[in-house]
């Protein structure tokens, strides 16, 4: 399979494992570049019989993916443009009625016949974390990872499948804490909450995920597909209309007032490397 | 909002956070005083736009809430009287057909547009713990908290929503352990089981919950309401008829023989501060 | 109740607790001996009013139950013969249409009016672990237990209820890790994943489970039955047709090629005590 022409992504296939490296400086934003490339990758890998396991990682040790592009809320043209590019990146794959492009991507990832694994070092926030939790499973580096949904403190809700999927993973009580609190979750807390499968020492996470991926890649594709189908029956994903409720809720919160909050956050340093290192502290200081 | 005339409760509103202190000596029993006051508070706070987060705590470091009043099983007039008082405390708020007053209170708490947090130090048993697990989330003080459902060892079942809600929180395996075993669950085990969001050092739990509540109180009410609605769609609460099954099961176990067990437990020191400090040991010693 | 004539099992009833010891050397295989005996036991104990709690343990400190008999895949007569014996062992108890005998056993265990507890020391893999996770709850000895579903690496899926029940217990993300990864899960990881209720020190697990079982045995049978019914309503088991999907998926993967893998595994030492001590390493070395 040809994985070129996916700007911001490096794809390496070896022994049945595709390693997808997010390499879109400075922050691996889920923007008009990365979103179409990820959707293009998912579209291609679905038909790639040489790939049985996909590992997503970041080239940047500090940022897995900072979040969605703030331009989505400050520039009315940004999200439609990213959506158009993402539609072109996956010819023939329709975005279900009522869903946005990130929700569609989450569903497409979940429906892959292969196993998908997120290897988390650095920050995954907002749409970056929504993508991460749409993967089949994820592992986080102790002392070196942080996950958060900062949307509530921007006066919106996670609308890329994250509100729905976080609730599935964590249950109501812990999901509400993370969604309303918007605080940063470290690897060990993420493991206790079920936000990641395991917290692993930063020194050994590469080795652990590599061994697991190689081991999984030995399983026949029809067995993996069969397991994923039965698991889906035993724990069905939410109906698409639940995602539509989430999407509508997000758009209902798009107000001029919210745009002003976003602009104030941008002026204070949100969406810069410096500002993102303590995004929660920064947001707190200006609200 | 006027929060006076709620005997057994102290309500303090500051910066969008209502702190509700259970202060009904000697044991914060869920009785004909506390139950109506809690229901009255929930009824009022629902319409209070100055409150975005509610924290429930106890004035008594040893007892969050011991349990329901044993008079409910020994005195046929006690529960109807408490129910009447609770109905009067929330004018216009009907108790759904087939549900008892504690179940109705649990549902009313869950449906609040605000976020509710339980800060647990001391013991929460029986109806006290049923109220606690009806809150959106809870945090427990390490070395200083204990939760239990002792009902099975009184020959009844938790009938205030607890059998249903414990199963939702813990899953079948751990819920059955706690429901049939009736053993005391410390903070760390509660965290592992999902019975609380986190176990926190007793020295810092106040600070942690305070910071979280203040942070949550900055989120706009419409965003919180939106998040709670989507979470509800992603993890729907049980239908009311499941609570009705629980209520019926409870009443079916109200026998003269059960009343004799209750009387024996009361004579042995249940529902005294001394006896409640090791309720599990006391109950074991007389059965 | 007469619990004789159950080869491979020793049953001891004391104080309302039935202790069932798997004693079927060399590996406690779920084979044509143990499967009928377990089903026969479940059939009898259901009507035994002297038993309120059942504890399953192994006589072999190294193996709780290695897995299903590999003859099920290499010898076309083995599974039908075991099924016939299991049918005879429980007269009048039908195997639901579309389900296999291990799935039927899992359902029968779950529907018992008594509480069932697994005390795990040693390895529980494949069908052995599927039986274990069908129990109401389980506890594992730290440093002395290991659970795994090695089926995927034999080119099949766990078809005795395990794919379905693992997903219920662990959620999608961790279930997929264990099902596709096929790695060994130690007691502490099992506790974090919810695969067991608790990991306990090997030196005290007997005492802990014994105390819990005796405590639970004091609860009246009608109270236990009532709790199990309400819990079932609050967290309904999958419909039987989900198990049928699992069963069909398993049989669809029975190919001549899979039989060759099984034969190669047997030749390499699978299903010998020596080979089973590091089954994962052994399977890895030959694939």
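Labels for the chains are A, B and C, by order of writing; each one numbers its residues from 1.
In this text, contacts are C-beta pairs under 8 Å (C-beta built on N, C-alpha and C of every residue); 3 or more make two chains touch, one makes a residue touch a chain.
Here the structure is a predicted model, which is why all the values come from computation and not from measurement.
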Shared interface partners, meaning chains that touch chain A and chain B: C
Superposition of chain B upon chain C: rotation angle, C-alpha, nearest 5 degrees: 120
Equivalent interface positions on chain A and chain C, same or different at half: different
Interchain centroid distance [CA atoms averaged], chain A/chain C, Å: 36
Per-residue overlap in chain C, given as positions that touch at least 2 other chains: 168, 192
Footprint of chain A on chain C - complex, ascending: 152-153, 155-157, 163-165, 167-168, 171-177, 179-183, 189, 192, 238, 242, 245-246, 249, 252-253, 284, 287
Interfacial residue positions of chain B with respect to chain A in the complex: 115, 136-138, 168-169, 191-192, 194, 197-198, 212, 215-216, 218-220, 222-224, 226-231, 233-235
